[in-house]
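Shared between the two complexes below is subunit A, which has subunit B as its partner in the first and subunit C in the second.
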Partner chain A sequence: MSKASWLRLIVAALVITLGVVVVQAQRTQVRVADDAAEHTHVAPGEHDDFYAFLSGGYSGQISVVGLPSGRTLRTIPVFSQWAENGYGYTEETKPLLMTSQGFLAWDDSHHSQLSQTDGVTDGRWVFINGNNTPRIARIDLSTFETKEIIEIPNTGGNHASPFTTENSEYLVSATRFSIPYPQQDIPIADYEGNFKGMISFIAVEPDTGEMSVDFQLLMPGFDYDVSHCGRGPSHGWCFFSSYNTEEAHTLLEVNASQRDKDFVAAVNWQRANECLADGAGESVAARYAHNMIDESSGIASHEMLEEVTLLTPEACSGVVYFLPTPKSPHGVDVDPSGEYIVPGGKLSATIAVHSFSRMLEAIENGAVSGDAYGVPILEFESVLAGEVERACLGPLHNEFDTKGNVYTSCFLTSEIIKWKLGTWEIVDRIPTFYSIGHLLVPGGDSAQPWDTYVVALNKITKDRYLPTGPELAHSAQLIDISGDRMQMLLDFPTQGEPHYGQALPAELVSENSLRIFPLAENTHPFAAKTEDETRVERDGSDVHVYMTAIRSHFAPDVIEGVKLGDTVYFHVTNLEQDWDIPHGFATYGMEGANALIMPGQTLTVKWTPQDVGVFPFYCTDFCSALHQEMQGYIRVSPADSDLALSWSVGE
Partner chain B sequence: MTSTRKPLRWPFRVLILVAALLPLASFFFPLWHYDFEAPQYPEGLAMSIWAYKLGGRVDLINGLNHYVGFMALDESEFIEFKVLPVLIGLVVLTGLGVVVSGSFRWLRAWVVGFTVFGVVALVDFYRWLYTFGHTTDPRAIIEIEEYTPPIIGESAFMNFYITAFPGIGAVALIAALVLGIIVLALVWIRLPGREALAKTRAVVI
Partner chain C sequence: MNAPPPFNFAGRMLLVTVATVSFLALLLLLVPALAQDEGEALSKGIGPIESVELGPIDETLVAAGKETFELLCTACHKFEERYVGPPLHRVTERRSPEWIMNMILNPTQMAMEDPIAFDLLAEYMTPMADQSVTEEQARAILEYFRSIDAELPDETP
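== the complex of A and B ==
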């Protein structure tokens, strides 16, 4: 080879190398809006435009985040004890965490769901599922407190929950892990045919929000994953994705991934109601807890319920159909019009969209390709609206805007794709960091989305923030969707593992937010509403302290006559009626956590003294300039002491 | 053919000495690199192939491969990792033999043998890549179209951009072979030693 040829070769190699570098640089370029800071800056003292309610995943809670700032405003404790304010530790709130399996201090919360009226988010309640020991909780958005928790019987893993109908007539629940029905001691290898799925409809009382298990539908033993209910024309139906139609009981990652298509179960709950009215349901034994906080006393009740109404597909023809859906679908979402049912076939690169109107025609025309345990399977082609080809890898969930666009989260390719209903064309993509799970658009799963932002709720964080050791906060990203192209605006860390989240315009909630609990309406039986009512009473070995807290003292703050072996209940009423003046209460050696008592509220801390002596108690919330002086003593005498109970303040 | 009978001149012998020693680099540096790029691997995911082992995050790559049913990479299943070091050692030793003997025939045999070795190695490499991409577990979670990873250059597969390129080890081997071929060519076209050396300098530098 000549010198010139060699030179040419070397130059060519350099050009190719450079080209590769340039291509790589382009590929990893992140599209951040030039004016991102302007979009997300909420000036000091100003408020965010939206509340977002993000599930806490394995924290069991809900976190409230302001958008567009991404600031965490508050954690609402739901399924897990919360030492910060004593939720699940105080005597008033402990009953909320009672279940058929006893007191449970933790659960796994996945999907927050805002209540709706006429298909539009109304800002009254947010509901959330407990996945592990199946439950649904209702949080009142005037106080941001968990008001009610109902257990779902006959269910293993309440994942497809608590998705709402368009007037929150119902919330749904479905078993992610099918289990024997009725529960029994059988070999696990006998899964096929013996394990059952259960889809439950939880009725919500329209005025009070009180929940009850209206009926349960016994289903084939698949894994029911996620759900959404119809609206508009499809009101009256709810749709459930399913995987493991292979009915595998071990190594599901392989054994439940064999079929090209699994199912979306379309359940006609209005038809179910007709059947139930005709007496097709059966009342069966069940054991499940129903716990609710009484509005005026703030005390949670706990009751065990003993029966539930069961409906089978055989007893009610037309109540459920299977729509073939590629492949191991995860999410299933309904567009704002109610016509399109969009699953996320997580192992398929194509998104196959079902048409509700075509589904009705297929049912009418008997376009059935078979059945699964008696449930008719509709022909794939006959319910298909269209397909998004080469969409992405690992499509999971969809949210919508008002312009007919769908935003799909893609886990494997770590991106959000934007595509059009009807034309099925992809119009934009944006990478997310990293491995997005759910996504949310304010109102994006309702009849009225607000076309402002999409929030990517990512599963992997890695290098997005300053490192904090092996355990990292999950990463969320705010993306502007107001223009033609999506623009990355902001990264923000979240609490626990947000699965789904929902957001709504701030004024729908802020205008109804309570500032205090009116003391006059407090009906707590152990409340002392003035210092004159404070006292200490003995009931056998139980000692009840009727205590008040006001800046900057407790009454009483000197307590004597308690004996070793007694159980002391400090019932502390916060007499303040001013905004944002909580008091906290803690005493030496207490087992649980402090109680953070809001103005007008009464909370009870239980204390079992372990030693003889004099022990301090104090206010844990820096309430005033004399907060450090807000303290008291309780004297514990030997068990055989004759000292009478006495109490005082300022004497 | 004087140059075939007379021993090689010392400048050629020095060049052959360099060519004979260069392959030793492949005991200290990887032969080939595979870089895998995906959004969720900001820290990068890389694998390297050495003469006698696999390097990089083979564990992670095997973990990912099970989704699509690719075979798991296991060093002990590759006879190549036992044979390659021996063959490279042979190249070095026989190369030194050429230097000592100064024989043109030995040089020619060495270059031809080295070339055959290189071609066979590349063919074997490609055969493995093909086998790898065409022997998927029928029960794999995600069904893929048949795919042969690139031997060199870029390729997109699933959520990964894959870049394949030679490492220092392979570059040294290639350089040794190229050097051998150049010396052989220079001797063969019977250029006087001094001029040949000058020409070689120009080429090498």
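== the complex of A and C ==
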């Protein structure tokens, strides 16, 4: 080897070594608090201080995480079937997943939103949007179960949803992908002017939480991205970021980033209510599903609704204004006081903050710079509160504390910046790993934040955990915000892709947590509430088994007289009335998933036997020392058999 | 060389002790009925119930107890034979009213800390279920058991 080759080799080795050292240093050089372990250690048997509800993104679910430990406490199945407990597989829960497009086993859940009273998180419900086939779901926080799903008609991609008003009078929904309204067979190239956006207001019944589509507002065909509603002085308004005001229909990456400014749509829903009261709305045809679980039977109903009330900006002056905002804004957030509206202009390094009071003045003074399809565009300067200069690259979302600080996630520069409302100065920044999307502070999008932590919900994971092949869990990071400077405390992996998440003090939920379903209140029509009531009944080729489960036997556990061609419904009632004693049910060859039956609950597993023979069924949840003995047999005879139905236990 | 084993004082003492204890235990075994007759209290178990006043059988309470028992207990208990749990005939003679109610109301702690409940778990292997019964309901179930036992013929010795 020549001298030059040796030199090259040595230099190469040095470069590689240095590179590794630099990468390692970058990985650990974050401002990790010295006593980070102490802050996040929740001793065995102790509880976390906060519940966080993280959306699952492409998992379609919600995951419940304890803070500060980062421990996953539960997955709440919402828009996707969940084989673990039979959600979306049992006869009781299948109707929840019905839509205008039939039964759908999946959706993309983005933004969890906790219910509010007087602008403060109240711990009653968490709502979440289905982005793909537009829907909103309501989860009851006494049971952590999805109780209701409503479909949003005339909408393509329900992304700006389900943000709440300060008493959860309304949740909002908006079109991310504008579509022809009404739907029709037209060339895609005819997008401009023919495609429309839709902003919907979903009313929430204050006692039961039941949702209904109150009205829809027909909007120009932009992409409506994220939303937040006003509070305090701005209560009565909701704000929607929009991009693609260029109305491009292809290669949006380039074509929708042409203009220097896009818009925040400010919608005055109280004004809309006045117009509707004056008869300005129009009832139009629509097809959308409304599905809800009956509390006492636990059975979901599914109904298709046929019409919706439509309002147009022309029919209701003053209902909507556009606020120009730096290009392609993503998030739009309202501070705890309700005065500042902060968009995340993701392609701009400057964060331009709107003032609600100046917006009202601008409307009063007619400070209008033009219109888009008849919607007035307010002058940029007239609605501006201030600007954070050279903030960061790719600002996406903002959360707030009680001291007038804003925490902004910056996707491109992978960091959280902390800055002050009013002075617009940046006071701190901390790197996140890597490519942060949303972030959350407990109560951080409400009138009452808890100044404890900010959680970074990162898009890219790379080397943060032990590698698990090409597919990695998303990474979240817990950061202390109680002091002047942000301090990194913890990395923890998450489920699916958490877009947004919300958190609240644990006692707001834990104190109302249900432990069992009272057996005496179970009104399921196929419930057997005692072993005396267990039986098997034939209805044509349907066979209904009224079955009970208790530690550790099923009744009946010997069933004969079923014939090939029959459909068997095992209606299993868990007779236990003790906390955390579920039983599971599965039988040989069943198509769906096991049903995990909570104490006092009845769930139904459908089974279509394929062969003649004797088949076992068993309990899938280890319930006692004699759990392995919790089994039974069902005999399937040929189709022409005349064996009568019989059933027994212990005989 | 075979030396005789040295005198084992400790061993002798142990033998004497064992013999004495065995004798006393035998004596005790012979007089359990006596002990009980003399009012040696049955265990009250562990739980919220410290004392129960028993009066003449209250038929309204019996009816309420029967209803709760049939809803929450019959999947595991029969009166005349062993099922998942022990047969309940003469339970009011075997156990104190407090023990019965504590076993219904507080079965998890009972199984861990009460010697009788622990032995029952060892024998039956399935733990007594906590059926989230109220004190009022447990009292009614006790009355139902008393009414059942009152109907049974006296056990011939």
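To be clear about the criterion, the second predicted complex is superposed on the first by the 623 of 651 C-alpha atoms of A that agree within 3 Å, B and C clash if a C-alpha of one lies under 4 Å from a C-alpha of the other, contacts with A are read in each partner's own complex, and residues count from 1 in each chain.
As a working rule, a residue touches a chain if its C-beta (ideal position, glycine included) is under 8 Å from a C-beta of that chain, and two chains touch if they have at least 3 such contacts.
Model, not experiment: these values are computed from the prediction.
Student: Which of the two partners, first being subunit B and second being subunit C, lies in contact with A:Trp237: first, second, both, or neither?
Tutor: neither
Student: So, does A:Phe50 touch the first partner subunit B, the second partner subunit C, both, or neither?
Tutor: After superposing on A, A:Phe50 lies clear of both subunit B and subunit C.
Student: Is A:Trp269 touching anything from subunit B or subunit C once the two structures are fitted on A? First, second, both or neither.
Tutor: Touch status of A:Trp269: no partner.
Student: For A:Asp578 in the superposed arrangement: first (subunit B), second (subunit C), both or neither?
Tutor: In the superposed model, A:Asp578 contacts subunit C only, not subunit B.
Student: Contact-wise, after the overlay, does A:Ala625 reach subunit B, subunit C, both or neither (first, second, both, neither)?
Tutor: A:Ala625: touches subunit C, not subunit B.
Student: Of the partners subunit B and subunit C, which touch A:Thr548 in the superposed model: first, second, both, neither?
Tutor: Second partner only.
Student: Answer with first, second, both or neither: which of subunit B and subunit C does A:Phe433 touch in the superposed model?
Tutor: Only subunit B; A:Phe433 stays clear of subunit C.
Student: Both subunit B and subunit C touch subunit A; at which residues?
Tutor: Touching subunit B and subunit C on subunit A: no residues.
Student: Quick one: which bits of subunit B touch subunit A in the complex? Just the residue numbers, please.
Tutor: 37-40, 42-43, 139-142, 154, 158-159, 161, 163, 202-203
Student: Show me the residue ranges of subunit A that touch subunit C in the complex, using the header's touch definition.
Tutor: The touching residues are 515-516, 518-520, 529-532, 548, 550-553, 555, 575-579, 581, 624-626, 650.
Student: Per the contact definition, I'd like the list of subunit C residues that touch subunit A in the complex.
Tutor: 70-72, 74-76, 83-84, 108, 125-127, 129-133
Student: Which of the residues in subunit A come into contact with subunit B in the complex?
Tutor: 3, 6, 20, 23-24, 27-28, 253-254, 257-258, 347, 393-394, 412-415, 431-435, 460, 462-463
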